[in-house]
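Everything on this sheet refers to the single structure shown next.
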Amino acid sequence: MIEIILNGKTQQTSASTVSELADSLGLTNKRFAVEINQQVIPKAQHQQTQLNNLDKVEIVQAIGGG
Amino acid sequence: MNDTVKDVFRIADKTYNSRLLVGTGKYKNFDETKTAIEASGAEIVTVAIRRSNIGQSANEPNLLDYISPDKYTILPNTAGCYTADEAVRTCELARELLDGHKLVKLEVLGDQKTLYPDMEATLIACEQLVQRGFDVMVYCSDDPIAAKKLEDMGACAIMPLAGLIGSGLGICNPHNIRLILEQAQVPVLVDAGVGTASDATIAMELGCEAVLMNSAIAHAQNPVLMASAMRKAIEAGREAFLAGRMPKKAYASASSPIDGRFF
Amino acid sequence: MNDTVKDVFRIADKTYNSRLLVGTGKYKNFDETKTAIEASGAEIVTVAIRRSNIGQSANEPNLLDYISPDKYTILPNTAGCYTADEAVRTCELARELLDGHKLVKLEVLGDQKTLYPDMEATLIACEQLVQRGFDVMVYCSDDPIAAKKLEDMGACAIMPLAGLIGSGLGICNPHNIRLILEQAQVPVLVDAGVGTASDATIAMELGCEAVLMNSAIAHAQNPVLMASAMRKAIEAGREAFLAGRMPKKAYASASSPIDGRFF
Amino acid sequence: MIEIILNGKTQQTSASTVSELADSLGLTNKRFAVEINQQVIPKAQHQQTQLNNLDKVEIVQAIGGG
Amino acid sequence: MNDTVKDVFRIADKTYNSRLLVGTGKYKNFDETKTAIEASGAEIVTVAIRRSNIGQSANEPNLLDYISPDKYTILPNTAGCYTADEAVRTCELARELLDGHKLVKLEVLGDQKTLYPDMEATLIACEQLVQRGFDVMVYCSDDPIAAKKLEDMGACAIMPLAGLIGSGLGICNPHNIRLILEQAQVPVLVDAGVGTASDATIAMELGCEAVLMNSAIAHAQNPVLMASAMRKAIEAGREAFLAGRMPKKAYASASSPIDGRFF
Amino acid sequence: MNDTVKDVFRIADKTYNSRLLVGTGKYKNFDETKTAIEASGAEIVTVAIRRSNIGQSANEPNLLDYISPDKYTILPNTAGCYTADEAVRTCELARELLDGHKLVKLEVLGDQKTLYPDMEATLIACEQLVQRGFDVMVYCSDDPIAAKKLEDMGACAIMPLAGLIGSGLGICNPHNIRLILEQAQVPVLVDAGVGTASDATIAMELGCEAVLMNSAIAHAQNPVLMASAMRKAIEAGREAFLAGRMPKKAYASASSPIDGRFF
Amino acid sequence: MIEIILNGKTQQTSASTVSELADSLGLTNKRFAVEINQQVIPKAQHQQTQLNNLDKVEIVQAIGGG
Amino acid sequence: MIEIILNGKTQQTSASTVSELADSLGLTNKRFAVEINQQVIPKAQHQQTQLNNLDKVEIVQAIGGG
């Protein structure tokens, strides 16, 4: 278990990669984008990208806006 | 119209038949969003980028399920950004989200009351985004000098506000829009401030290539019908621009001949 | 639009789909007249009554060969009349010419420089025409009191000028048009003064039932394309009126939510 | 031969009725309306309506106007 | 200004230095009325004619004790009249009240909601008043044809409304005011509709001889200060009209020379 | 007016009675310059800095012989400068020329056709000038965000253009001027674009502290009379602003009471 | 005593002339104008003008108006 | 004699100081300001400020402008 700041909220996770985190959040096959510590993580690297303690993770999507 | 068959709108090397770009905010729900956008005939649709609602309901519907990137050109915007850095980060995430799609709408705002662009920051962000390979459509003030700078640094469209975002005040300063139009080599779109159909028509009559709007449709009492009105208003304005209006006159000019009167 | 399927325009007990009425003057030739009117979608077309060109060429083409009374509702007007008597005589001849067709457009002009209506004479002529069984659509000033009198004496449509005939100045006094609209029980049309598409849209957004124009189309550089623009402009304005525009605001209102920002 | 004022111009005519006048002007089967001395003459009465010396005759048609 | 020393305003053979005519209604009390009118510099002051308050308090103050006919030209008006007869009766009573003074302001109203003039009745009343020897200043619509008729029948001043009485909307249709001005041989004053100082200035810049107002002063938060503002606004507009404004230009024109720059 | 005795205009710790600032360009000669400026009542007069006409005629008259720094506050401007550096150099020379006088009008222009300010460069120059100890009045666009930045960096007056320099178009976007006024803690003046007296009155009614103009006076047909008109127009607008205008109404409001009618 | 309609209200009066009526109303030397049955009565005739039963008398003055 | 660029024009001068240059141009007691090589030279230093060969000298004044 590590502690990450996910979308602004501190929380524990057993996921060790971005893919595992996404899966644990029910985002499998959804359209989203991930940033860790202000660096975009391309989809192709989600599997191999390790999560580290205290990482700031942002998971975003498109919403209505003008 | 035969005359307009070839009158396509080109942005970043892609052509469109519709000159109406629409936002996706402020609708009651995604069904209304979808129906209104269909009625508008828009081909380019702008969306905001925000944190996913994690944990709440993973199965809640997603905007892009209703407005499919397969059908529409999705134009992610940087609404809500108050610094150049925020805007650049948002664009990077949007590009990732949309599988490398590089067309973005840049807006860097100055304050919450007016949502007027911070042009100093906008210029900085635009330059960075162009360097990073984005096709940047820029929401900007109606300052013709700043507009020229944006074009010179590689913006693919200049989008001066007609009026404040969500104000519905129409084109507050047509003189400046005209100055921007006269000098621009890239498309000029009016973005923000349109309140009703005639505002859109006027923008097109001035010579704008297209108009981007959101509140005017979404906040009408009947958004779907207003979407249809806007579609026609944009086409009417474009055709009137191309047709070349009659000159204004201070005095009357009879439509019927004077000769041949029997009275 | 499903919403507008039943939104027909009714005048003198007949219904129309188009809310654009057009004149037939000032065109280069009858072919252009015909093509432009087709592009406009108009169903009611106004014509002047003048002495036949006797002896010159009996076989010269006639306007009504191009704009057939079988296809269009022909609206004879009293353009060029400066007295009530002239106008009444003209209507009588028109009715005979059109086999008893009793719909007419009354205009009694005040002077040649402005072609502004002589309302005193217009009121007299209107009263006589109603008594003689005509359905009278009245070109009038934007005086709400005179408009009420015309309605009270039985006019079937009130048609205030937006601006001087042939001026293209648009709606010079929307306040007065609005006053007329608020009180009228018969259709109010803007007649005269429209110069470009947005002028027509604005008239419809104010709540007018229809718009009558001639020069704006005929004197555009490309009349046929402008006719198409006007058709769409009228529809856009009507739909916007029915849709109910958003309120105007002095300050901004964000189209994108503030919540969920990650920056 | 009588003298009439036709569309504002004085002229001689051998026509004795409105129909004959119209025919002589090549207006047969055309769309026009006739007024004599400021009174409209309905089509149905063209044949029986006599022309009198110095009648003011107006023959009109629809033309382009707004 | 030397230039304006002789720029007097003449109405019915009397000359005035002030081109601001004011009403006396809507003030808090007679003291405020008097102070504001003094601040306005007006020399012609309009009053209404109404039944005396019999029996209530015979010693209550009278308007003309504050606004003396010895100091001001009193201009009785026919406010509140809806027929020509009422207006003529009111003028006759006013002439008797003011010892044979024959200058009157005619207004015949069309309805209570708009207080727009009934021009048909106004024309009738004007003709009768001229025949009875009155000098008639006529509140009228901005219809240039009706204005010409009023002048032709002997009105001594044409006073089209800028906007509805008490509306403060300013000059709603400057085109029509201009048409009236171009043809008039008698003074044209704007009467009704002025809301703030710039409205009055604009009226004078158009070429009006003077402006009549009431609510704009009386309903300002500080009527006395607004009266002073209006005095200056009228003078400013008159001087600007006489001075001849610069032409409008679509582009810039430097105020400082380009030659001699050292940078 | 007692009410306005203490209504002084304060800029950079000095108070003025006049709220009209004038330029000195475009006059026929120095005599006209002097007479017009006297008629305007201006106390602050702006001048350009240019190379002396060396060798030509050492005894030719000098502007400051006609507009004495002893009588007027001379406001050197940076007209003609297209970079921040040029503007700063010009201000330094002006301060030396005027014996240490540190009040300057900054303008950094974007191009020759519009003379629109280059706001990016203006912000840079303003910051430098404030650091060098100048009191900087800044000619700027009507961008409220840029205006706030200028104020935050220490500008002593914000001077948005009403319209392009020398255009005479009046206040092209009153909405933006109002936004700037609402937030500003330093005086806001309209600079450039005024064409006639009512334009100046409107600027003051919006709440501007003062107005700066040149062409409107110098290019009037009679500059001296227009200078007098402007003096009064500014005072009228200021007083109207302080007096508080009546509200606008869509319908009429009678100035005369309904009670007491005898007809 | 006769009955007159004074400014719209029926009332009794012992005045027999306009002057007497005005005096009885406290209007002596005030500025007002009088109409009887829609005819203006000039000041010079106030003394000699008799009031008749059911006369409609209007007494008016200037008030604030625009 | 040195060569200076005075108000944009190259020219010879025998003046060795700013004061001498100003005097030679008839500017004594006139209101002007001087810049050498983009540096303002205060009035108080005109006497002691030496002119050097190829100096760029600007002499400016106030003129009409808006």
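As written, the chains take the letters A, B, C, D, E, F, G and H, and residue 1 is the first residue of each chain.
As a working rule, a contact is a pair of C-beta atoms (placed from the backbone, for glycine too) under 8 Å apart; a residue touches a chain by one contact, two chains touch by 3 or more.
Because the structure is predicted, anything quoted here is derived from the model rather than measured.
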| item | value |
| --- | --- |
| Third chains touching both chain H and chain G | E, F |
| Most distant chain from chain B, judged by the mean position of its C-alpha atoms | G |
| Selected interface, B-C versus A-C, where C-beta contact pairs are more numerous | B-C |
| Farthest chain (mean CA position) relative to chain C | H |
| Gap in Å, rounded to a whole number, between the CA centres of chain E and chain C | 35 |
| Centre-to-centre distance between chain E and chain D (centres being mean Cα positions), rounded to whole Å | 56 |
| Separation of mean Cα positions, chain B and chain A [Å, integer] | 32 |
| Whole-Å separation of chain centres (CA-atom averages), chain B against chain E | 47 |
| Contacts with 2+ other chains: residues of chain B | 23, 25-26, 48, 50-51, 77, 79-80, 89, 93, 114, 116, 164-165, 169, 175, 214-215, 218, 250, 255-257, 260, 262 |
| Chain H: positions in contact with at least two other chains | 7-8, 35, 58, 60, 63-66 |
| Touch list for chain E against partner chain C, complex | 110-111, 114, 116-120, 123, 141, 143-146, 148-149, 163-164, 169, 172-173, 175-176, 179 |
| List of chain E residues in touch with chain G within their complex | 22-27, 30, 33, 46-52, 54-55, 58-59, 62-64, 74, 76-77, 79-80, 89, 92-98, 165, 212-215, 218 |
| Residues of chain C defined as touching chain B within the complex | 1, 3-4, 23, 25-26, 39, 48, 50-51, 53, 77, 79-81, 83, 85-86, 89-90, 93, 112-116, 164-169, 195-198, 201-202, 205, 214-216, 218-226, 228-233, 235-240, 242-263 |
| Complex contacts: residues of chain F adjacent to chain G | 255-257, 260, 262 |
| Contact set on chain A toward chain C in their complex | 7-8, 35, 58, 60, 63-66 |
